[in-house]
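Naming follows writing order (A, B and C), and every chain is counted from residue 1.
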Amino acid sequence: MSVSSSAVLLGELRAQTPLVQCITNSVVTNFTANTLLAIGAAPAMVDIVGEAGPFARVAGGLLVNLGTPIPEQRAASEEAVAVANDAGTPWVLDPVAIGSLPIRTALAEKLAAQHPFAIRGNASEILALAGAGTGGKGVESADETEAAAPIAMRLARDLRTVVAVSGPVDLVTDGERILRVSNGDLLLTKITGGGCALGALIAAFAAIRGEFSPVEAVAAAHVVYGIAAERAAAETAGPGSFAARLLDALYAISAAEVSASEQVRAETAPGGGA
Amino acid sequence: MSVSSSAVLLGELRAQTPLVQCITNSVVTNFTANTLLAIGAAPAMVDIVGEAGPFARVAGGLLVNLGTPIPEQRAASEEAVAVANDAGTPWVLDPVAIGSLPIRTALAEKLAAQHPFAIRGNASEILALAGAGTGGKGVESADETEAAAPIAMRLARDLRTVVAVSGPVDLVTDGERILRVSNGDLLLTKITGGGCALGALIAAFAAIRGEFSPVEAVAAAHVVYGIAAERAAAETAGPGSFAARLLDALYAISAAEVSASEQVRAETAPGGGA
Amino acid sequence: MSVSSSAVLLGELRAQTPLVQCITNSVVTNFTANTLLAIGAAPAMVDIVGEAGPFARVAGGLLVNLGTPIPEQRAASEEAVAVANDAGTPWVLDPVAIGSLPIRTALAEKLAAQHPFAIRGNASEILALAGAGTGGKGVESADETEAAAPIAMRLARDLRTVVAVSGPVDLVTDGERILRVSNGDLLLTKITGGGCALGALIAAFAAIRGEFSPVEAVAAAHVVYGIAAERAAAETAGPGSFAARLLDALYAISAAEVSASEQVRAETAPGGGA
């Protein structure tokens, strides 16, 4: 990945203002919509049966987040994903808290097999989706995240998708390449929706039209979000103020700042294509 | 409209603390309730079947916002509107994103015919409700808003309601008079719920008991909200901080400040009553 | 209650990071989750049928808040409470706005009889639950809160629970002892969820493992929350900024600060055990 591909993608996102449909949990709807507006995308929380499908045809990208999956949202998610796939709309799966919770776990497995553009979760969620774990309490250590790398790569290859594992260092892989993004701040784990909003941002970057690889688009979302978090954390030590400042930083962040501050290490897996 | 009618109404609102029932979308419930509390009203998000109706009888005003209309809310909206009309409770319709989305569009058309006190939307939503468009992406230019004026006036006359079109200059009309409110700030379009909270504020102003014309009450909500937005925007350049400051400004704004800062141009339509 | 029991419990809470399941209303989900994260607990908004029950077995504490009780949440609440009682998971009931609203009132009465660890509400809600009132408009005066004391004590004895009445001075009673907590700030009544988040905090304190009496745990939640509110209010005069600062203060508050600032008066009822 060139030093500035995230910066280029940010510029494209703002120029294109992609329409991002979100089917997401009730805890983070507001923060998610504000995150998308702040970065320059157009959010649309169209998540009911009978509308989620038709809208997935005109949306630029779609997020399906399983955080509070009431029956209406479960049906709307399936409706939207089917249409998104038919229409070529890239969509992102965020399998929140899967593992031991039976309903969302079954739905996540079903949706994951339907060719998402990307899947984002923490290590325990990704392990659970790969059949290699039963879920955790949420925030993982750097060691736990790194330990999930081989399984994330296999999952990405098996499902032909990009898998992103959030942690102190984020892993983004398409099964061949693996990008490690070190941008970010611990305060992201002290506000609710810190990961969920990132999932929506990935859908926004996925919606950009142009020549770029999926893994670069997903990594760019992590880079931009992480740098904005660093900037917000530099201005405040408390989570309430941090959440507001994070939106301010996403709104203000420039492509030059992204190029200057991004911390990404790329690696090609042994045996993977270069 | 006298220079200070908005200021007078703000004073009345704070003295009366109207109880405002909100049936609104999942993205903006928190910000909407906080907006109502900040201005001095008492919000009540009573939006389930079996309670929405009875509560509409005791509420001072009612907001029906169709942003995320799950089946329960659709049924609750119809229940509440029927009782509101029976009890004389003024209610406001916010037909979010209608046009191409089939379920909310059908419901909006049905409700609009049931004598709302006011209808608030952006130009594309108002055009869609009038059968003159199929919806847009949300934020419109001043030209687009102004172009909707004749259709908004006709819609207001046809439905015997007040129609408010949000834009760089807001239009408020009862079909005879048209008031153009220039207060506001572009940052309102960079946070989610900027328009939805205004809809709730209109319901609060509609709930004020006393002698005033509906068009003045609706315009007053726009004026107060717009001035608060200007004040908030003067203190911050980012949307996250702006949202918090907007609530602070609504809480602090004085009647004198409203009188001094309001920017309203009144016009009576050719052939309309004076 | 020793001067520092609230401080000790805060230290324990942070050391144990209790997992707190919340079934709560759509208006306050975000603020509630952020409140729990800020104080050092782990929130989980697991509120659907089929998951709420199993999760109540592994959660450290459970909140059932009836603010916007759609049918799915009503069923999930009953499912979760049954399992919580079977598993010994302490759970808190917040009977929001009961009295004249029929559906939540019936559910609150049913749940209250199922041995909650604590019940939190304002005076009108507690009176309604005790069959001594039909609900009010929300914020009560100090006189109204104090007048509810005998009924709160009787309710606590009848239901074998702790009853907390929020007001200018909060009352916390197990039917024998009554603790009056004076910490807090009027701005808590100017933001939505000011009381609902306290309910979640009570569930977090209830989840602490160790030797302490229920009434002390419930009072500790009030003390910590109240002191954080005082600190936030000292830094801002507006409700939008206050909400953010309240989370900052909950995150930053130390045990020493709690010991130094807590304002609790304890009393044993005539005829009650010492």
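Basically, a residue touches a chain if its C-beta (ideal position, glycine included) is under 8 Å from a C-beta of that chain, and two chains touch if they have at least 3 such contacts.
These figures come from a predicted structure and were not determined experimentally.
Taken as a graph of touching chains, this assembly is fully connected, with contact between every pair of chains.
Taking only C-alpha atoms, you rotate chain A by 120 degrees to land it on chain B; that is to the nearest 5. Counting the residue numbers that touch the partner chain, chain B and chain C have less than half of them in common. Averaging Cα coordinates per chain places chain B and chain C 34 Å apart. The set of chain B residues that touch two or more partner chains comprises 26, 30, 70, 243-244.
On the chain C side of its complex with chain B, the touching residues are 25-28, 30-31, 67-71, 97, 100-104, 137-138, 190-193, 236-241, 243-244. Interface residues of chain B, counted against chain C in their complex, comprise 19, 26, 29-30, 33-34, 37-38, 42-48, 50-51, 54-55, 58, 70, 72, 243-249, 251-252.
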